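Got some structures for you, see below.
Here come two complexes built around subunit A, the first alongside subunit B, the second alongside subunit C.
Up next, the complex of A and B:
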């Protein structure tokens, strides 16, 4: 079998694993496992980016694979772990909607994303074009996770997972964004997480909880 | 003619070896829990003990109660004749496809649940209700797993599926990976293994399968136990056939091929047993109300497999 075929299979497998990890995050109740799943998703993303780099010969993708390995597998999970330990929220499990219902909505979201991506994928000429639907689904699923979670930390993890999906989408549709943009986004995410980490402490100090429902009433009475 | 002999031999082998697989899984669990275990032949000893005893049947039991163990055992034997265990040619494979196979499992389940309710004890009805709850959630997931494999191979006949998957050059199917995870979850739920039900429990709050067969004794109980072991065997064989199809022989391979098939299948079954014991040891039993969540996840993974197959075409 010729090499391009093999690597496209591997990319498909990576895409499927990405989708699987998204669903695992959606169904996860424990925040600690959520962070571990996020690290796993980062690892899958990094490996599949490296495979795309190898297949397409776009050498700058190796750099972004290394960047996402460093940032999403080691640095961000480490920051989140520290936050969790210091906030002492390892077992928090608040969801707005019960898990099976969320999963069913998740399936609908995936169907929607796949249907939406079908015509877009026809326009692209990259070997990875069929995975655009999966990237879109990962973005929407992370969005769903941000909507259905009450706690600030799981919402932030949803936000970070959404960035994973966007990154994967960019890689699979156009072999990645320019390096400057990628570096900028990576730094944005890092700084955003740091700032949100500070916010967590502020929120908790103010309301004695990380439940964001308290933020809906901002008027003092 | 050769085919029929070959297939019949394979089905009998599966039926005879089923308690051995159960014993092996129990033995592995015992080792993993630092116990010595009762040995791999323990299920056979239990069967022999039960066969020797006199059957006691509750007052007011209808003929259904007596018939249910035979129906269940018969259904499982029939399923064993449909599933390719050692060779691709199963004797009754042409008679039933995967959808009929799911129906066959449902038949056995419905009869044993009816028999449990027949006596009218609280435990029997409770177990039957729980079993039907698990059943109605795991069946669609199982069907979806089969549909994924059928879409890839363009057939719902198990031998055709296995033949296509085994004799193609090595291709990675992401959809089959999803289906594999879903199938493992369904296997655990259907066979009353640990995250859903504990096969060794007699604690009334948690038991599902055991609650249904409390009223049975002697040969009826032996048949039910044997049928449960056979069900585990059938599910493991389906899983191996769908996801690790290599090493199954065709009938034309003759006795030598059969020997090779038996050796590879035993190796695969043994490692599947170890994996099963490992899963059961590291996971805790779920509360009964979490079971729908577990099975909804299995269904979802199977549907995702279908969707991914549609999108990626692989």
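Up next, the complex of A and C:
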């Protein structure tokens, strides 16, 4: 069955939105808004997975779309919101962040990702061939976000956004990994977030803030 | 069947200890579960020796000559470390650094960690291998911060973030691998991530994709191996966590991560028919060995010192696997075995020494030989073994690596010798000062468990003098498999 044109357009739209949300996260100072953007990115991811599932007829992708909806739109943002409330960091902002410079680096990262993905995209037979570059770009942008942030929670959101990019890469290039792997990855992400939640309390108990600049004592002099 | 027991025992141990680990007998139960795991591993090894490789549970798990010896080694070090940990953690409790609730977490996560290691080793599914590696990080991260000191929380955070980012790269590599494999094997029946299937068709996999995938996989799993320049988490995590955790991180986790890299290298070599994968591994290996050797000079903390020494040795092993060929692979496998045994023995001795001295700062530890001859000699002999003195096993494997390097890549030999020489000078002078000299140290409230130290060192000594034919045959088969 040749894929209908409109659905491939929709997947590309989803990919573009995903990339856009990555940039939005990169330029967002407020932690609360970051969590909301993360939930939005999860929603885009889930919808585009469902569209890929519909187009390709790969029924197990519906399950992974549902899984990412549950995990990334509801469960993880809910956990993060609760953490923010309990840690009382609702109004925290990233103060040391040079947004224009970060955006410029971000654009370079996207170009690099597309160049790297070029040979692979040509081999892809999937409906969504050109999206693998976007997936790689989202991964690298999240990486950039983790490097530039000073607050523990924003680093973690960068970490989770990176997983979103990987997930999108898996669906767009290969119609998803085998189910057992996907479940394992989802479990790891969930447990990881919970452990980080425990961590936040340990960090705050020890340093009285979630600023990571306190965590720079262990290094070679 | 035995294989399933091997995985079920530590998982059961994790659950039981999560419920009852706070009781007085938590440490004993930990030892008992580890002993049962070791017994299962021994039975499994005998099966494999008798019947050859096996493939069970819809081909999801398999054991071949390459992973069976690592499984046996993992179960053995897991057991001896639990024996060491019993009195060690009692003393820590006595010193008030941990309480019963944290000991419950500790014992439960210890078993979970052993489970993830064994799962990573025995699974045939490269996706599950990734999941197990990530779970290994998750299970140890709260153990690194067990003491809740500022430094330990920082170390655990670094460990989590660096290894998490690293392992995300490995997931991207795995996705690319699946992408290439699915074209050949088809997405139906989900055989496209099973290593045995991939190995059968590796010649048909798309070379460009696999080359790119290997870069991601090497960077990803390489972070957990502790390869430079992504090694920053390793010395911190080793120094700030409880010593039994340092011993299993060095002795087991690094090996298993390297195992993952080598498994992928076999596939990539088959597909690309080029030296790309090997050359990359040689480069990262040499860089790690040299960098670690120079950093060794600047250390003041004894556990950091040996953490850097682990980076150096993993660098040498990675280099040897990168060279490839029967002799270099044989040497690398042997070095994996002896390094893991020696380094965990050293950490046992270091743990007791640091506990006696009440500090990990090397300048404050003096005259161990007077306070406790067994700890002093244990540390001294262990150090000589890890530095590659004959007749220990490390000498044999390093000698093989060096001679192969001389023959095939002569340019690398001086670099390797430089790294080994610097490491020798740095570690030996430090340890000598700690073992001999005057002291005013007190006795410990619980007598230390030194049996594991000498058991490991004896094994390393035996491996240096005489490798049993069965084991040598094993290494040869595994080396041929790696190619």
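We adopt the following convention: the second predicted complex is superposed on the first by the 211 of 221 C-alpha atoms of A that agree within 3 Å, B and C clash if a C-alpha of one lies under 4 Å from a C-alpha of the other, contacts with A are read in each partner's own complex, and residues count from 1 in each chain.
Keep in mind that, in the parts below, contacts are C-beta pairs under 8 Å (C-beta built on N, C-alpha and C of every residue); 3 or more make two chains touch, one makes a residue touch a chain.
Because the structure is predicted, anything quoted here is derived from the model rather than measured.
In the overlay built on the shared chain, the residue A:10 is in contact with subunit B alone; subunit C does not reach it.
Between subunit B and subunit C, more residues of subunit A are touched by C. When the two structures are aligned on the shared chain, A:106 is found in touch with subunit B, with no touch to subunit C. By the touch criterion defined above, A:143 reaches subunit C but does not reach subunit B. Of the two partner chains placed around the shared chain by superposition, subunit B is the only one that A:134 touches, whereas subunit C remains out of contact. After overlaying the two complexes on the shared chain, residue contacts for A:57 are found with neither subunit B nor subunit C. The contact sets of subunit A with subunit B and with subunit C never meet. Interface residues of subunit A, counted against subunit C in their complex, comprise 58, 116, 119-120, 123-125, 136, 139, 143, 146, 152, 155, 159, 162-163, 166, 169-170, 173-175, 177-181, 184-185, 187-188, 191-192, 195-196, 198-199, 202-203, 205-207, 212, 214-218, 220-221.
Against subunit B, in their complex, subunit A makes its touches with residues 1, 9-10, 12-13, 15-17, 19-20, 23, 27, 99-100, 103-104, 106-107, 110-111, 114, 117, 130-131, 133-134. Against subunit A, in their complex, subunit B makes its touches with residues 169, 171-172, 174-175, 177-178, 181, 292-293, 296-297, 300-301, 303-304, 307-308, 310-314.
On the side of subunit C, the complex with subunit A involves touching residues 125, 127-128, 130-131, 134-135, 138, 141-142, 145, 148-151, 153-158, 160-161, 164-165, 168, 171-172, 174-176, 178-179, 182-183, 187, 190, 192-193, 206, 208-209, 212, 236, 239-240, 295, 298.
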